[in-house]
């Protein structure tokens, strides 16, 4: 019996990844990232203030907000602004994005300013949070470079890069970068965030169907490491352009 | 002394208008409309249910929601979903969009279904509400055509087209289609919504500085009629494409 | 066939307008305004602080809030305080009232203080927002006069007066000052706010049924100008009393 | 040394009480009640539905909502609708009003309908909740009489009358019907609600300064009983008018 | 016919009262109080700040918050945090607890700090608010003693003790300390808060069924005074332990 | 140099774990679980209804809510009910608890009913979510057994057990079951949820300081497996008692 993914991709293949910088004009960094049919607009906004708990400490802050346009999905979802609150999934994802990007920045070197990464999903096809992290990193680099060019900060606060991908067990087979068709029908789903030194920043694995075994976990981590290396290449290629 | 607009446009010239259909994949209609630097994603979503006050009456409903991405603007605005409520300006604009689009549809012919126009501003440079109305009309046409093609509705519920433009008195001179630089520095700002029969659907004029005189109003209306005729052409050209 | 309004009024006749000052005791200005069966209590409250965006600039602020008592209407409406938010119509109206009253005051001459106009509808019969603007102006004058009498401000910050009326096309005929019976059954509804120099402060016209033509608009504006002149007389008469 | 109340009233004297029926036009009962400078508009609204917990049981419901106009008080209070929630004091008072009025009605005889008493304070000078209860009872009677006149209900669901007054220890002396000057400077404040059979419906006493002794409590109850008898007379006199 | 309470207790008997100090470890005072099956965790938290209206006045503040765990009751109640607001009953009770505890403390002697009494019901069987007041007093004493031991305050700000009990008319008979079975089936329910000087701090009586007569009130107050004397003993016994 | 944990525990030692059943009386399952100083009250409540998306499908639902008492922590936290919303951390944790417990139950065998696990932290000292999962499982078993005893369900819907523990890298050393002192000062923190078949239900690892390497991850997983085996023993021991 031969295994096949809905998209026809080999098990260890990412979807087509594109990273378009300066997608909008006002933000200090603005990136439209696509992982196949998943498209997320990531903007980095710099503000010269920090949250209350950091005031007067000379440190900066990096945070994230996440949203899905109501019809980024197959069927329309309620607009969170109209419902009057952000759902648990939204809060969970934006906390994840902010936490992982703080893992690659020296907040003292940033100085008392906040960089907010707004990640808004224009079109969803699985993996929106991993695309958001991967794209937000590029927007963050653009914002930091602008601050350095302006002379607002002296030395680069960024150390290393951060990227993320999902892996999962689909029909018994470990696969890389789940699209929606796989995501909604898989047994295990894991989001992996790494830095370019090969370290893990975050690991979130969930057994949707049967619990996953240690050997499955090992196979998933190998796939994730491969995919994330390719994502670092895509980030660098995008940043190399004028 | 010669008068000049920040953009160098003649007083009666629209900004470059583009209308890109099928910008995203899931919605029944999906249009990215640009009025110069203002870019709004308008999606039309069809759902087989109506609000409570219409249930069982055999009539349909058309409504709109509006939002600005936090960094669509020069400085970052709070995310309304995070603040926990939509602001007065947002509610005012989405009520306007819904009302004006209901003015070109026969709700009995639509049947018991709701079409929601989500208008999300990706980049703002003045005139987001008029761009939203103009783009949302095209998304609505696409959604209605899909319903007819599927055989869900028998006859076209749309009668006539709807488009909108802003006009204003800038440095004493009536001008068409204000951009942000003009909008934030003008005396009078008016949004005009018309149908293709030459009738007014909505007129909203505000004196920001000095009150406007009757002759200024007349001059503004002439400009608006000219601009809206050109917008109808742009809508038809977009709809004529495959 | 003869045309007739539900109230039997000629097309260009206002309802009976009364303006009762000092209706309640604590506010710096307190006016009960009636346009026929529409009764709105408008109070002006002076506070020695300004919103954050004006702090330290030496300027004052004028703002408005609007509400309807739950049973001011034919059937009881939910109390907005109990529902936990103000509806879109409420926000739209209070933004309108605040904006139009700011159009007749020199905020530098007011100094760093806020005047809040609370417009609460005790009984509704159409035209609550135009009655509110017309009454709130008188409350504002009373508050400003008190500030001058107390020596808190040196020169009168008010320039000109502001009043408002609705006009509409009812059964094909332009009429002045719509009551509820007309308002709920008319084709076009327009709210007009003017100053006593004859300039337009705000114009909001909506086609409820068919779109309105340019000649209908012209006729409506003539009616509005006539009605507003009479409202200025009523304001002055009320203010002339001790 | 002679004792004297700020108003000059004897210790056992109510303020001037007025009860004006049909103050507004739409409600089934509409009463403007005044206890001196305290003026509360009480409307009774009948709706042919009951809360979920009563559906299908053949019983009716009586409930109340309470609000203060922002400038009914000496200094302006925030509008609860704008703040997005009703405060604890508001909820406490409206629960009290609803509970005490349910104590004089046979909910089976009322049938599956709800009567909502909206008590909105136009002007506050102490004792708003007791004025509200006293006035709301009259509005309730008017609404019930209308239901009977219309033939919607067969027999009168009301048994007995309900009225309320405050008493307190002011400068060591028990006094009846506290006004604001006394209320804000008294040691003990008690709200008493009774029926016309001489029974207590509700008793809420609070020591603001020193704890009150049993003999003070006894003296306060005597005053309250006297005041409430006079309020029953005022209610009956108002109801006796056409 | 002999009268009997569901619990078999004599009419003037409290349930078993236990007061366990240091129930949790972090709070400055932490008391688990039980009135029979009613168990409330009362913690006292000291913070070196006061609400805005007291800032800079050298006075302290004592306040309370109340909550019921969702399944402290027979059937599960919604979690207030999930519903997004505290209900009217909750607000009413926490206002009562705070007010009565402020009646036994000299806020000047406390200095600019706030003590918050959190009263969380782990298990409910009637009388949660009276148990909360009685237990919170002990937690407050522990917190104040800690402040004195640390030298943060010079002299004891507490004067007198505070305790509370419910009384009611159950099947025509005045009884002390209602449990849930009695509470849900009684005619009159009264909560009484007293200080150890024999003065009343708060009295809240409600006729749930028929209105209560003056002689019933007198009998209830006698029962309450007896019960509260016993509660003062229980508080002192608990505080006497190491 | 020798490594030492603040508590003096060996690296692979759990804190003292206690599981007390029937801690409160009303819930179908009620467990007070302690992991050292962390104490969480977990109740299981059965209701004969399911969320809207499951209605009529014959399936049941298991969900969780999580809360911390305001002073369960070192310094008092705001009460979420008072703030008007649950924070992101709370939502994240309760989603985790619900998801992991659904992984051990056959929802068809449960039938159309909902079991809600309320996990309320009475005292926090690190690891509240893992204690909650471990305790909630026991409460769920008690509730399910009661349903079977009552004959409400025919066959046991539970398959396998679920327990959870945290592991982390503290001062460079992998350790089991972090307490607060370790948690607030560690480099990597991972929560592991497993079933008694040795499968992973959920894995959530976060690098708080430096990114963690693959060999560190492997060491953490070994520790977690050891700790969770001991937790299964503790659960079974508790369930073996009458």
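As written, the chain order gives the labels A, B, C, D, E and F, with residue 1 at the start of each chain.
Following the convention adopted for this analysis, a contact is a pair of C-beta atoms (placed from the backbone, for glycine too) under 8 Å apart; a residue touches a chain by one contact, two chains touch by 3 or more.
Going by UniProt, the chains are A, B, C, D, E, F = Ribonuclease PH.
This one's a predicted model, so the numbers in the text were calculated from it and none came from an experiment.
Participant: So which chains count as neighbours of both chain B (Ribonuclease PH) and chain F (Ribonuclease PH)?
Facilitator: Touching chain B (Ribonuclease PH) as well as chain F (Ribonuclease PH), we find A.
Participant: Quick one: superpose chain C (Ribonuclease PH) on chain E (Ribonuclease PH) by CA and send over the rotation angle as a multiple of 5°.
Facilitator: 120
Participant: Give the pair among D-E, A-B or B-C whose set of contact pairs overlaps with that of C-D by over half, matching residues by number.
Facilitator: A-B
Participant: Once you find the CA centre of chain D (Ribonuclease PH) and the CA centre of chain F (Ribonuclease PH), what distance in Å lies between them?
Facilitator: 51
Participant: Where the CA atoms of chain C (Ribonuclease PH) average out and where those of chain F (Ribonuclease PH) average out, how many Å apart are those spots?
Facilitator: Taking the average C-alpha coordinate of chain C (Ribonuclease PH) and of chain F (Ribonuclease PH), the gap between them is 59 Å.
Participant: So how far apart, in whole Å, are chain A (Ribonuclease PH) and chain F (Ribonuclease PH) when each is placed at the average of its C-alpha atoms?
Facilitator: Inter-chain centre distance comes to 28 Å.
Participant: Please set out, as single numbers or ranges, the residues of chain D (Ribonuclease PH) touching at least two other chains.
Facilitator: 84-85
Participant: Show me the residue ranges of chain A (Ribonuclease PH) that touch chain F (Ribonuclease PH) in the complex, using the header's touch definition.
Facilitator: 85, 87-89, 91-92, 94-95, 99, 103, 190, 194-195, 197-207, 210-214, 217, 221
Participant: In the complex, go through chain F (Ribonuclease PH) and note every residue touching chain E (Ribonuclease PH).
Facilitator: 24-27, 30, 37, 39, 41, 43, 45, 47, 65, 67, 69-76, 79-82, 84-86, 90, 116, 118, 120, 122-124
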